[in-house]
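In the two complexes that follow, subunit A is the common piece, with subunit B as its partner first and subunit C second.
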Partner chain A sequence: MKGSEALAIRGLTVRNPRGQKILDGVDFTLRAGEITALVGETGSGKTTLLNSILGLLPRGLAVVGGSVALDDGKPIDLLRLSPDALRHYLGLQVGYVPQDVRSGLNPLMSAEATVFEAAQRRPEPARERMTSALLRAGLSERFVEQDAKRRPGKLSGGQCQRILIAQAIVNEPRVLLLDEPTASLDPPTRREVQATIRRLAGDHCAICLVTHDISALAGLADAIAVMYLGRIVESGTADAVLRQPLHPYTVGLLSCVPRLDRRERILPIPGEIPTNLDELSGCRFHPRCGSSQDQCRSDAPQLLEISSIRKVACHAVGPAAH
Partner chain B sequence: MPSAPQLTENVLELRDLAFFHPPSFRGQPFRLHVPALDIREGEVLALCGPSGSGKSTLLAIMAGLLRPESGQVTLATANGPTELFSGTQHEWRRLRRYFGFVHQDPRESLNDRRNVADIVADPLQIHRLAGIPTDFEGRDTTPWWPLAPSRIRHERLALAVATLQRVGISGDQAERSPAALSGGQRQRVAIARALVAQPRLVFLDEPTSALDVSVQASIVDLLRTLRRENEQTSYVLVTHDLPLARQLADRVAILDQGQIVELGDVDDVFQQPASATTRELLGIAQNELDALGDDSD
Partner chain C sequence: MNVRVPRGIEVISLAPIVFLLAIAIAPGWLSPVPSRHSDSFLPPSWYESSSDGAWYSLGTDYLGRPFAPVLCGALSDTLRIALLGTLLAVTGCLALGVIHGSIASRGLEALIAAGSLGVMAIPEAAVLITIATAWPRTAPPLRVNASMVAVLVLFAVPTGARLIAERVRALGKTGFVAASHAYGATPFHTFRLEIWPHLREDVAWIVASVLPRFVAVEVGLAYLGVEYREFEGLGRTLTKSFNNLGIGTAVFQMLVTILVIVGLALLPQLLLRAFGLSQFRGNLP
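After this line comes the complex of A and B, so read on.
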């Protein structure tokens, strides 16, 4: 069903060994047929969020609260599953495309074999599904006939990216998680891969696109959630967030993007991303925020609904603090 | 718009450059051909183009890292124009002091086992620059007896720390390992290392693409400031990010399939692109920016 909740993350909290909250009460929903982008910079916790969905959290990090409900007829909390039970869903219901293309592929397996191996997890004939996945991932028929027997070392970055996508979609997952799918590609290739991702969403697949580059989302994402230091600071439809950012961090991010017309446009966000989460009370953005008040230093703002299409966590925006 | 610097002479001249790469996995041989390209003193020249257009190959040739099939690369040095590939390996190494290089990924270009000041002092050490006694004309007057190494080292480190301060790294951070720094700070260290020996030409190979967007902006800001401080140094910026080229460069060369398809002032090229490649790249960039809206008002 288009628009139905495919994956609902509620109040997800992850702590590191020092007791710092790497993720702090993250609410995030992926809907079938929609592309939801998760935008965040280094240290925002976007990779931790993906890893906790996939059960791949590195040693030391632990989920201390929240749920990740996958809609499989009935909601199933992925966090409560045993590793064996989780394996049943990963790859079949939840597809994942890692960020680093070259290390995501086995250098000794041909493109075909990589996708074929994934396809064999379902009982249906794997061969046809492999071919169809390669085509849906945007590879040409000529590639499938001639070049698919090559190993990743003999393929270009864009082709490797598409093979990883084919491997992830070959079992028709409900949810597809893409970690920086276009980061290492040049603009023409990036546009092609974006078009492919757009088409995949048409197949009623819920797509989560994780990226640090807010400008790469334009025209691609349906909804956007902006993360800063483990909290979602703003979410809403892509159009609303990109055209009229409300949270000071989103405003700052967008003004950092270099434009083509004027030269003196770049306005960096002052300061560095803080690392001492313990000493950071209140809003986590307040040391770098231009419009911070006393309240920002003491109380953490909640992610509140501003209108039907967006939520913002900022004391300076929307209703007064609770 | 910053005023164009006074261009007096060319730092680097490329003539009839040809480079050939045998058929690779893409199935086609790669040919690079540059009839003529000059890098003027004090300018920022951007090399833009899609993947496989030859911008990295051209950069490697300019920096003397890759020997072209034919053609000349001439560098203006203190001893007059010098052909980059004519001399021995030893002579070539001496020319390297005129170059600074900033690599794409600061996480890989710095050695985490050494401290930041040592890393930045490396070019001084390699080219025997600071701390060597000289006469009024800059000639090396090192005596036949060994100088106290600690004194030379002290002077080199002091210069390294001063350069680090110019790029916004404090003396406190200079004593630490790069592992303790963030990506943006590491890139600042890499920039300091490229500048410490006062090169004539600094190569920037995608200096911001491995960084977060907000950090990218501060690096762009830093590069602009450094440029204002020293108008003699020229920069060659390789990027596939046209908006970045627009923000930093004075002139831009658009490459496609081993040819420079367009070369000119950044304003002219961006406002009236003459080649199809430029128009396509600009169209893609504009498309992405359009959806961001205009928050300037």
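After this line comes the complex of A and C, so read on.
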């Protein structure tokens, strides 16, 4: 049912070998038929969040708290499942499109073989579902008939991206995780892939779209969560977040987007993402924040509900300040 | 499904074919030919006709047998042991390499690194000579031969294992392996489908470097009296034949031998080039 909770992430915390929290109490909900975008700079923890859900964390990183509840009639906490039990849900209930288009496809495998192998997870005839998935991913019938036997090296970036999407949706999962699906595509192809993603959401699929390009989300995402150094700093409907960003980091991200209708200078966010989390206390954004206060250096702000459609983690924008 | 014929397999499959051919040819030619000591060490017939009018394309050996089928029989035995050793070496490289590439254990890394350094620092021939001569004369031949094969295998494993481990590690970081895990494939399925096809070329390269070494070492050391015990391989056949030859015939047979050895050593490399594997490797992650 559209709008129902498909995947609920609560208090997800991941530590690295040095004991630092790479993800710190992340709360996040994916709803059926909606595209929820996860935005942030490189290094903010977006891909780590997806890898935590999929059980693909690199060696050394470990989930130390929280839950990832998949609605399968009753909530199933994916983090509590054994690898074998988790495989029962991966691909069938949760689909995934990896970050890099070229590295995402096996260079020795043809396009149709890539999708076919994933389709074999279900007992139903795989070939028909493979063809259907390729078409639903936006590839033409001509491609399916003539070019699907080609290897990725002979295909364009847009075609490769669609094959990855077809591989992820071939078993019709209820949740789809897309890691930077349009990052390496040219603008027209990006638009086409975005239209495909929009169509998939129309099929009642809950989509999580990870991107660092906040400008690409207008007209695409239904909800946006902004992430900085492993914490969600702002979330809300896409319209609200894009039109009236509240957290200084979101404001900074949007101010980096070039616009043709304004002759303003692009203002980058000062400084860089800190690499040593041990030296950071309080709000993780305070060293780069123009409106930081004394409280920001000592107390980590909680993600608080500002309105029915907004949550912000900032001392300057909290309910009182609001 | 990868429907293309895997190129590495083509190369690997050629070695058993050569081996089977040698077996198929040798016994039929060799067994019915009686030893005629009076005809020992005859030169090739096209160079100097034999007294009884028989035709020996490469002359005769020390027992008066035609040298060509004797060479085939010896080659067959040599290849048999070389293929067994290569199989053991490839298995060792794959097992160690895949485990090391998957779990990235520091202990295993140290072990393989030490092995690689050891292979560079210690001459393989010196170890083989020591092993072969250290056994008492009464020692069972199987044990002596096994120890010599084991040395050759041990020398081949660290370099090959490192090659495989690096490939497995690189593949583990690719998006398609992550995607495979993410669509719920089992680790075995992921290995078979996503990783193994990329290792075939590495295996072909390991075979191409290890197989000729087994042949060359056996033949080369035979001249020093270091050889597999109770084993009529290429090394023993050649050394016995050369020791009592006239200079003209000896030079000719030596040239043929060198051609055989060099051909055996270079065949896998030439095949790799012919199949364009070096170009193919450029596509791999």
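Note that the second predicted complex is superposed on the first by the 315 of 322 C-alpha atoms of A that agree within 3 Å, B and C clash if a C-alpha of one lies under 4 Å from a C-alpha of the other, contacts with A are read in each partner's own complex, and residues count from 1 in each chain.
Please note the rule applied: a residue touches a chain if its C-beta (ideal position, glycine included) is under 8 Å from a C-beta of that chain, and two chains touch if they have at least 3 such contacts.
Note that the coordinates shown come from a computational prediction; the quantities given were computed from them, not determined experimentally.
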{"item": "Clash-or-fit label for the pair subunit B, subunit C on subunit A", "value": "fit"}
{"item": "Partner chain(s) touched by A:121 [first = subunit B, second = subunit C, both, neither]", "value": "second"}
{"item": "Partner contacting more residues of subunit A (subunit B vs subunit C)", "value": "B"}
{"item": "Contacts of A:224 with subunit B and subunit C, given as first, second, both or neither", "value": "neither"}
{"item": "Which superposed partner A:168 touches (first subunit B, second subunit C, both, neither)", "value": "second"}
{"item": "Contacts of A:107 with subunit B and subunit C, given as first, second, both or neither", "value": "second"}
{"item": "Subunit B versus subunit C as contact partner of A:187, first or second or both or neither", "value": "first"}
{"item": "Least C-alpha distance (whole Å) that remains between subunit C and subunit B when both complexes are overlaid", "value": "15"}
{"item": "Doubly contacted residues of subunit A, that is, touched by subunit B and again by subunit C", "value": "153"}
{"item": "Complex contact set, residues of subunit A against subunit C", "value": "54-56, 59, 87-92, 94-100, 103-110, 113-114, 116-118, 121, 153, 164, 167-168, 171"}
{"item": "Touch list for subunit A against partner subunit B, complex", "value": "41-42, 150, 153-158, 185-191, 212-219, 238-239, 242-245, 251-260, 262-269, 272-273"}
{"item": "Subunit A partner contacts - residues on subunit B that touch it in the complex", "value": "1-2, 25-26, 50-52, 182-185, 212-218, 220-221, 240-244, 246-247, 270, 280-282, 284-293, 295-296"}
{"item": "Interface residues, subunit C side, partner subunit A - complex", "value": "1-3, 104, 174-176, 178-186, 193-194, 197-198, 283-285"}
